[in-house]
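Take a look at the structures below.
Below, chain A partners chain B and then partners chain C, in two separate complexes.
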Partner chain A sequence: MIILYSVATLGALGLIYGLVLAFASKKFHVEIDPKIEKIIEELPGANCGACGLAGCAAYAEAIVLHGEDITLCAPGGDSVIKEIASIMGIEASSADRKIAVIYCQSGGKDNTNLRYNYQGISTCKAAVMVANGPNICNYGCVSLNDCIAACKFDALHLDDNGMRVVDKDKCTGCGACGKVCPRALIEMVSKKKRVHILCKSLDKGADARKFCGNKTACIGCMLCVKKCKFDAIRVENNLATIDYEKCVNCGMCADVCPTSAIFDPLKEVRAKKREEAKKKAAAAMKAMAENKATEENK
Partner chain B sequence: MGLKTFPGGIHPHHSKKYSENASIEEMTLPKKVVIPLSQHIGAPAKPIVKVGDEVLVGQKIAEAGGFVSISMHSSISGKVSKIGKFHHPAGTMADAIEITGDGEDNWIELVDDSVEDLSIEELKKRISEAGVCGMGGAGFPTHVKLSPPAENPIDTVILNGVECEPYLTADYRIMLENAEEIIAGLKLLMSAVNASKGIIGVEANKPKAINHLKELTKNEPNIKVVGLKVKYPQGAEKQLIYAATKCKVPNKGGLPMAVGVVVQNVATAIAVYEAARYKKPLVERVITISGKIVKDPKNIKARVGTFYQDLLEYCGGTSSEIAKVISGGPMMGFAVPTLETPMTKTSSGVLLFDSKEAHKDDENTCLRCGRCVDVCPMNLVPSLIVNDVKYDDFDGALKYGALDCVKCGSCAYVCPSHIKLIQWIDIAKIKIAEKNRK
Partner chain C sequence: MELAGRIFAMAIAAIFVQNFVLARFLGLCPYIGVSKKLDSALGMGMAVVFVMTLASTFTWLIQHYLLVPLNIEFLQTIAFILTIASLVQFVEMVIQKTAPALYKSLGVFLPLITTNCAVLGVAILNIQSEYSFIFAILNGLFAGIGFTLVLVLMAGVRERMEKAEVPESMKGMPIAMIIAGGMALAFLGFAGLQF
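Moving on to the complex of A and B:
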C-alpha cells in the first residue's frame, strides 16, 4: 500500500512540475540564432580568452550579433576560421590575423650602446624617464621587458642574444605589449606582411648608425623608396616607413637596404637563388663559348 | 622634555663628518656654464638672448614663463654659445642656455640700499626680479610663496636650517659663516608677509649653529631658534611645520599658508637679503661636494650652471673609480648619468660613491611587514600605492594618496625586500600629472 501511495505522490509531483516547466519553456522562450550554437561547436572550447572576450560562447555571440572579427581564435587556427567563415557565409583566412612586430633590432645583451648603467626599478616606463633612457639611441628598445610581462599568451620570448622575439603562432594580436612599450616600438601588423623596416630612430643618418648597437638603423638614404615599384615606402624625419596597404612583400627594398634595417625572412633565400641563377648563366655562357670554340676548331 | 619632532621617520647615518668642518670656499670661475631654463617648480623660463649675444654676470637671459616661474640670469660674463637640450640634475634632458666665459668677471651694476626703507611691493619686486626660488631642493618660486591670497594671512615665517639629508653640510656652513645675513633675510621675509613670528628650525646635531644663531637673536623677541630632534625627514616642509608649531598642513594638496606659515630655506633667506639690498640676482650658491671617495670634500660657493666635473676637479678628484653620482642628498637626490651636468639654484650637493657604496639590491616580493607604513611621515601606505602602480592602476594610486607622497625615501630605506618604492611612486606622480594636463 505504502509503495502505491509513494508512487502516486511522486508521479503527481512529477506531472505538476513537468507541466510548469513545459509552460515556462513556451512562455519564456528566447530566440537564439542557430549560428551561435554552430560556432560554439566549432570553437575549441578552451575558453582561453585569446580573442579578448570572456570565453568561446561570448566570442561566438560577438561574431554573430556584433560582427566581431572571425580571425581572433588563436588556438583554433585555420580550420576553425574556415568553418566559421562558411557558417557566417563570408570569406576569410588565418593570414588576415594581426600579430605583433617589434620595430627595433637593437637592445640585446651585447648589441646596445649604453649611455649609463641603469640601476633603478626594472621597468621600461621608469628607465626612459632617466636622461632619455639608458641606451644612447633615444628611440630604441631599453631591454627591460615590460612587453614580455604584459603578454598573457606567452608569445614573447628572449632569444639567446637577449632579444625579444614574437612567437607568431601564439601571438593573438591583442596589442597589450604595444600599449606598455614607452617607446611605441610594437605594432600590430597583418600576418600576411613579411617585410618590415625594423627601426624607429628619427636621428640623422650618421648619428642613427653610430648610436645603434646592432648597426641596423634606418639612415633615411631613400634607396628603398627609389627601388619600390609600388610607392609603398615613405621617408619622413630621417625614417622610412612602409605603407602596408600598398606593400606586396616583394622584398626589393630589403635587398637594397645598406644597413639591413629592412627585414625580410626570404632575403637570404632570394640572394641564394640569384647566386645560383648567376652561376647557371655563367656556366651556360661558358658552355656556349666552348661549343663555339670547338665548332670553330672543326 | 624631548625635542620637538613629527610622527614616523627614520634614522639614517648622517655621514656629515666629511665636509662639516670645511669652510665655504669661493670657486674659481668656470670656463663654461649651462643654465637650465627649468630650475624650479612651475613653468620654464623663456630665453630672451640669442646665440652669439654678449652677457654680463647677473644679466637676465630668460624671462619668467608665468607667475609661478622665475627668471634666469647669466652667472658668468661671456658669450651665449648654444641654446638646446642639456643634462639636468633631475636626471632628465632639459632646455638650457650655454654660456662660454670670457675669463673676466664683469657684473651688471649693483646698488647698496638700506633694506629698512624698502616698501613691501618694492621688496617683492626685487625678489622676483632676482629670480629667487627655494634653495632647499624643490625650488618653489619665492615671490609666489610671499604672495598668499587674502584669506590666508601669514603669522609665522619658518626658516629651514634642518638639513636632515645625510652628507650635506652647505646649510650648516652658511648658518655658521653667514648667520647675520640669514637673520636679516628672515626679517625681510617677515615684513614681506606681515608675519609677527620668525622661527629658525635646526636639527639638534648642529649645536654650534644653534648656539651661534641663538647668540645673534638674543635681542630679537620675535625670532626663535628651535632645536629639533635628529630624525629624517625633519626638514620636509610639512614635518618641519608640525614639529615647530604643532600645526598640521592638510593632506591632498594643502599648502603651508593654510595654517598661516611660510617656510623658506636658510640659503633662500640670504638670497632674499642680497636681492633686496644689492639687487643681486641669484647666480651663485653654496654646494657640498662629498663622499668617501672624494679626495678633499668641500663646501663651495659656486656659480649656477657650473658642471659637476669642474666642481669635482676643484675638490681634487676622487681616490677610486666613480660608480654613482647623486645630485642632491642621498635620500631624495637623483642619480645622474654624467658629470657633464650643471648645478642649479636648487643643487645642495653632489655626492660620489664607489661601486661598493652604490651596490644595488634586487627587488623581492613585498612581505607585507608594514615597516613602510610605520615610517611614512605623511601617514600613507606606500606598499599599496606601489602595488597599484605595478599594475598600471594610476587611479588606485591616486586614491591611496600618491600625490601626497613627499618622496622622502623613508619607506624604501627600511624595506627589507629592497623594493624601490619611491621610484614606483614617482612613476605614478608623473603619469597622474600627465593625465591632469590633458
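Moving on to the complex of A and C:
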C-alpha cells in the first residue's frame, strides 16, 4: 500500500510540475529573435567592450534590435563581421577594420631631443609627470613603451632604432594602447587609410621644427591644405589633420610636405613612377625632336 | 512582543550562529565559485534569498499537506528536490517575461541554485526543527540573508586580495581557502550566543 502511495504521489507531483512548467513556458514565452543567439555564437565572447556596449550579448541585441553597426567588434575581425553580415542578410561593408596608428615619428634612440635624462619609474605615465617629460617636444613620444605593455595581442614591437611599430596583421584595433598613451599619440584608424600626418605638435612652426628630434614635425605651413583636392586637410593650432572621411589616399599632400610629417607608404613608389614617366616623356620629346631634325635634313 | 523577540532570535541564529556556509557547511560551491566579484556575489545572494524563501514556503506545504497525511515522509528529499527545481524553473520563466531587468541581474544565477544543497538544506531543517508555516518562511529568508552576507564579505576580501602581494604558490584558490577558514573561525565567535 505504501509503495502505491509513494509511486502515486511522486508521479502526481512530477506530472503536476511538468504540466505547470509546460503551461508556463507557453504562457510566459519570451520572443527572442533567433538571429541574436546566432550572432552571440559568432562573437568572440570575450565581453571586452570594444564595441562600446556591455558585452557580446548586448552587442548582438543592439545589432538585431537597433540596427547597430556590424563592424564594431574589434577582436572578432573580418571573419566575424562577414558572419554577422550573412546572418543579418546585409552586405558587409567590405570588412572595414581599424588598426592603431602612432602619430609621432620621433621617440627612437637617435631621433629624440632630450631635455634631461629620465631615470625614474619606467613608464610613460610617470615620465610625463616630471617637468613635462624628458623629451623637448611636449607632444611627442616619450619612448617608455606603455603602449607595448598594454597590447594584449603582441601587435606592437620595437624596431632596431627603438621605434614602436604596429603589426598590421596582429592589431585588432581594440584601442588599449591609445588609452594608456599619456600623450594621446595612438588612434584607431581604418586599415584602408594609408596616408597619415604623423605629428601631434601644437608648437609654432619654428619651435616644432627645432624641438622634433626626427625633424618631421608639422609646422602648419598649409602647403598640404592647398594641395589637397578633396578638402580633407585642416590646420588648427599649428597642426594639420586629415579628415579620413574625405581622404582618398592620393598622397599629394605627402609629396609637398616640406618636413615629411605626412606619411604615405607609396610615396617612394610614386616618386619613382613619376621619375620614370618624366624620363619617358623626355625620351619621347628627344625622339620627336630627332625625327623632326631628320625630316628637316631630308 | 514575545513573537517579535522570537523572530529576532531566529534571525540572529540563522544569519550568524548557525550560518549556512560557515557553521553548517552548506552551499560551499557558490561560496567559493561566485565570490570573485562583489556585484556577482550580491546577485547570487539575492537569488538565493529569493529561492530559499520560496522553497521554504512550498516544501512546508508539501510536507504537511501531502507527505505527512499519506505517511510517506521518507520521500522528503526527492519530493523537495522535485519541488524546488520546478519552482526555480517556473520563477525564472515568470521573471523573464515580467521583469527583464531583474532577469538580467538575477537570471543567470537562478539555474545555478536549482539543486543547491543549501536550498534543500533549509527546507529539510525547517521540517526537522518543527517550525510553523510563518516561521519556516522566515527561516528561509534569514538563512538566505546569512548566506548573502557571508558571500558578499568573502567577495569583498577576495577583491582586495587581487591587489595584495600574495606569494606565487598561494595565489588564487589556496589563499581563498585560507580566507574561508579564517572567516569560519571568526563566525565561530557567534556560537556562544544563546537564546
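The rule we apply is simple: the second predicted complex is superposed on the first by the 210 of 298 C-alpha atoms of A that agree within 3 Å, B and C clash if a C-alpha of one lies under 4 Å from a C-alpha of the other, contacts with A are read in each partner's own complex, and residues count from 1 in each chain.
One rule holds in what follows: contacts are C-beta pairs under 8 Å (C-beta built on N, C-alpha and C of every residue); 3 or more make two chains touch, one makes a residue touch a chain.
Values in this document were obtained by computation on a predicted structure and should not be read as measured data.
Student: Between chain B and chain C, whom does A:126 touch in the aligned arrangement: first, second, both, or neither?
Tutor: first
Student: Could you say whether A:21 touches chain B, chain C, both of them, or neither, answering first, second, both or neither?
Tutor: In the superposition, A:21 contacts chain C only.
Student: Touching A:4, do we find chain B (first), chain C (second), both, or neither?
Tutor: A:4 sits against neither chain B nor chain C.
Student: In the overlaid three-chain picture, which partner chain does A:115 touch, first (chain B) or second (chain C), both, or neither?
Tutor: Only chain B is touched by A:115; chain C is not.
Student: Looking at chain A, which of its residues have contacts with both chain B and chain C?
Tutor: none
Student: Of all residues in chain A, which touch chain C in the complex?
Tutor: Touch list, chain A to chain C: 2, 5-6, 9-10, 13-14, 17-18, 20-21, 24-25, 28-30.
Student: Which residues of chain B touch chain A in the complex?
Tutor: Residue positions touching the partner: 87, 91-93, 324, 335-338, 358, 360, 363, 392, 420, 423-424, 426-427, 430.
Student: Okay, in this complex, where on chain C does chain A touch?
Tutor: Going by the criterion above, the answer is residues 62, 66-67, 70-72, 75, 78-79, 82-83, 86, 89-90, 93-94, 96-98.
Student: Quick one: in the complex, what on chain A touches chain B?
Tutor: The contact residues of chain A facing chain B are 115-116, 119-123, 125-126, 129-132, 134, 180.
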